[in-house]
Amino acid sequence: MNLKRAFYIGRFQPFHKGHYSVIKTIGKDIDELVIGVGSAQRSHETPNPFTAGERIMMIRHSLADTDIKHYAVPIDDIQQNAVWVSYVTARTPPFDIVYSNNPLILELFEEAGIETKQPPMYHREKYSGTLIREKMIAGEEWEQFVPESVTEVIEEIDGVRRLKHVSGSDQTF
Amino acid sequence: MNLKRAFYIGRFQPFHKGHYSVIKTIGKDIDELVIGVGSAQRSHETPNPFTAGERIMMIRHSLADTDIKHYAVPIDDIQQNAVWVSYVTARTPPFDIVYSNNPLILELFEEAGIETKQPPMYHREKYSGTLIREKMIAGEEWEQFVPESVTEVIEEIDGVRRLKHVSGSDQTF
Amino acid sequence: MNLKRAFYIGRFQPFHKGHYSVIKTIGKDIDELVIGVGSAQRSHETPNPFTAGERIMMIRHSLADTDIKHYAVPIDDIQQNAVWVSYVTARTPPFDIVYSNNPLILELFEEAGIETKQPPMYHREKYSGTLIREKMIAGEEWEQFVPESVTEVIEEIDGVRRLKHVSGSDQTF
Amino acid sequence: MNLKRAFYIGRFQPFHKGHYSVIKTIGKDIDELVIGVGSAQRSHETPNPFTAGERIMMIRHSLADTDIKHYAVPIDDIQQNAVWVSYVTARTPPFDIVYSNNPLILELFEEAGIETKQPPMYHREKYSGTLIREKMIAGEEWEQFVPESVTEVIEEIDGVRRLKHVSGSDQTF
Amino acid sequence: MNLKRAFYIGRFQPFHKGHYSVIKTIGKDIDELVIGVGSAQRSHETPNPFTAGERIMMIRHSLADTDIKHYAVPIDDIQQNAVWVSYVTARTPPFDIVYSNNPLILELFEEAGIETKQPPMYHREKYSGTLIREKMIAGEEWEQFVPESVTEVIEEIDGVRRLKHVSGSDQTF
Amino acid sequence: MNLKRAFYIGRFQPFHKGHYSVIKTIGKDIDELVIGVGSAQRSHETPNPFTAGERIMMIRHSLADTDIKHYAVPIDDIQQNAVWVSYVTARTPPFDIVYSNNPLILELFEEAGIETKQPPMYHREKYSGTLIREKMIAGEEWEQFVPESVTEVIEEIDGVRRLKHVSGSDQTF
């Protein structure tokens, strides 16, 4: 076995077409992709409405129409930057390269001697978790920004109602 | 989406043909299987030589020859039984049924109102993690007890040497 | 034993007449009340000057003149919303209903299948922990907003001096 | 307020007549008793079948026929002996004296400058949590060793069945 | 042995001439000084760029030209003020007096019955960790504010580049 | 600065002449030695009677008669072997080589790409923490096995009485 594996991390609140597009691009260069689901311990709050398990399901169902072999692994915040890389690598299959646009993540993996690469930016102004959550709370259309499977997952878990409720903006309550 | 999902948990130190056979059986009754990788935080010790990431890789590669849609999720020991079920469900896609032969796991899920079922026992005396680790330490044949993919993963990470070393039994050191 | 038990939670920094009045109202409908003392691990800071133990003493002494059978239990912040309900229920006698005006708490218990109810709002603009702590720091009258027993507890622990000191506003230091 | 408060701690798995008798004796010398419910985070295992909340309910109901003013507070194991005393005192009303027969607890409070006293031993060979749990598992009579209220609580939560199950001794499974 | 030991704590991000000067002054009154390295678990972020180990090295090398016998001990944030003093004293040699200008630290040690003293303020407007980090990020001169040994440590670990990177201000990236 | 730094770890319960002799030997090959004080969070129990702070004081006073530049840093048990190396390196000055006879520690540092070396064994049968603690409990002579400074520290903290007490063997209590 001599597979090239990469690591890519996000909070995926929710997983959207921007994420999907970056992963498709990365997928061309590698054999397997390890997807870290960050802030895994958080849920039921405005910036993090969905549990790690729900986000994993979004990812797996969305990527089912690709042939990218991937793993989706929850990664808790541990608040100790100097320990974070080994916390991640202990929970993930070994990988050779990290794709990220986050300076802290790049710095931490580089100090650990792991190769890093910045993936092409997707349309940030268009596909943004913050924007999607705001639309959900406001009762506006958001479905066009996420893969169809994500809409299905959010419906299964009644996710928009939950987000509205915890954001305190649900006026019917 | 109206999928039937089940949950099955083990330590998988390592993933062996007994696990593989149980999962094949469970797979016939359900749409998706969530596999919990227990004691995820442990590694590099005689009863738990492999990291959660390495065990996830064993599982995913071994099940690649089946058509069972599955998730492999690391589950840390949290030492608080009364909280454990919600710790698991927060990190996993929603599931309808739990397969286990462990009385504690059955009790905890039953108290939480989740259906449980005992899977058919595989050949326990033959396929056992303890036995496989003992053979690895003793330098005996162990490969016949695990799927071929597991042998490949253990070779990639030089796992037998690690286990021998941490078990203190490596006389060449 | 077929008692109706309810759960009510607050930070009680300090316990004031607003809390007292809500509890009196809830007490009419139930047999026993479990009172969660939230952010139990915090103390000695401007928004949370009192320890959990001190707050428990305030509650018990204040309710001594009622006939409401109650429990006061410290509840630490655990920063994992999806696990929080079972963290609470593991530390408290079983209860049938939750009284709260907090959308997050209502959401979490409702997702867990536990009945919730919003208690009548007491005079929020008048009885507010924030306001009382501000008056303490400013050296103004605050005693009229809390039960007499709370004044006694705060005197016993020299609590106003502590709050002034940690708020950095104690000019005599 | 010039009350004399004492501290007494146990695991109370379950609360039995020996505990009850010691508390009655201590109660004669003091105004209020703080009862620590130790190993609070543990439950659903042979030596610790009951949750902290269930144990608190046992204590409060059993002492309802006395006039001892008391608090029952869950105390988690924190595995750091040198920090333990302040962990306890942060969660409990201030107390002047500690009653214990445990050398470690006596040592820790004495090093912290808090007065300690050894309560009279109750019939240890007769009233023992271990013995009571063994009888529950074996299906023998245990009710005579605990206050009647404890029997009621254990029935309400179906506690004997739980203990049998997690102890692995329930042959009907 | 009848040594007088004192405790002094800071975050030392980085250790600068203000710290050095305060320690020289304290050193005249005591036999040994225990230096707590606060927020030990934090690093690789704008307000806390350096690890506890790096900060310990800065302190030890800077004080090598004095004859002050001292210990440098990492102290993690534990977010439980009421437990903090015993957390510190468990990790440090016993001390008789605490030097601090921080009201919270003074309050906590005073409540624990330990003598406190406010050291003479060094030139706060001149020697400030915040100011030094801002200069590092801006690419300005900062070396004159720290002992020469600190400059050497920061060079050895390539610290300015790290700080620039994690602060997101490194435009060449 | 181009210093050669080494790392050496032990529990030092207590620091004895065997440790002293190994450190003297290692000291000849390096510029600075980082001494990890393991199981730092434990104290007041038979195998770990002394706090991390007390052990640090033993080490520093004992090595005062050498010219070995050293650091003594508390290292808590974190129960996650795969993360342990970075937990250590975050709290310690950077080092080039690890001296240990413990297979697990050797394995973990080797997997992290750090050079390891086994120091010459000192007289294990003679100088052993276990043996010294047994002699303390039994009331026998132990002073000849430790540096004189260690005897002084243990007297200052009344350590033998503490060990006897927590071991349950103090018959005068």
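Structure notes:
Each chain carries a letter (A, B, C, D, E and F) given by its place in the written order, and its residues are counted from 1.
Note that a residue touches a chain if its C-beta (ideal position, glycine included) is under 8 Å from a C-beta of that chain, and two chains touch if they have at least 3 such contacts.
Chain labels with UniProt names: A, B, C, D, E, F = Nicotinamide-nucleotide adenylyltransferase.
Remember, predicted model here, so these are calculated numbers, not experimental data.
Put simply, subunit B has to spin 120° for its C-alpha atoms to lie on subunit D, with the angle rounded to a multiple of 5.
Its interface matching that of A-B in over half of the contact pairs by residue number, E-F stands out among C-E, B-D or E-F. Subunit A and subunit C have CA centres that are 37 Å apart.
Separating the CA-averaged centres of subunit C and subunit F is a span of 46 Å. Among the residues of subunit C, those touching two or more other chains are numbered 41, 43, 51, 80, 82, 89-90. Inter-chain contacts, as defined above, occur between A-B, A-C, A-E, A-F, B-C, B-D, B-F, C-D, C-E, D-E, D-F, E-F. Here subunit A touches subunit B in the complex through residues 1, 40-41, 43, 51-54, 56-57, 60, 71-74, 89-94, 152-153, 155-157, going by the rule given at the top. Those residues of subunit A lying in contact with subunit C across their complex are 41-45, 51, 162, 165-168, 170, 173.
Put simply, subunit E touches subunit C in their complex at residues 79-82, 103-104, 106-108, 111.
Subunit F meets subunit A in the complex at residues 80, 82-83, 85-87, 89-90, 113.
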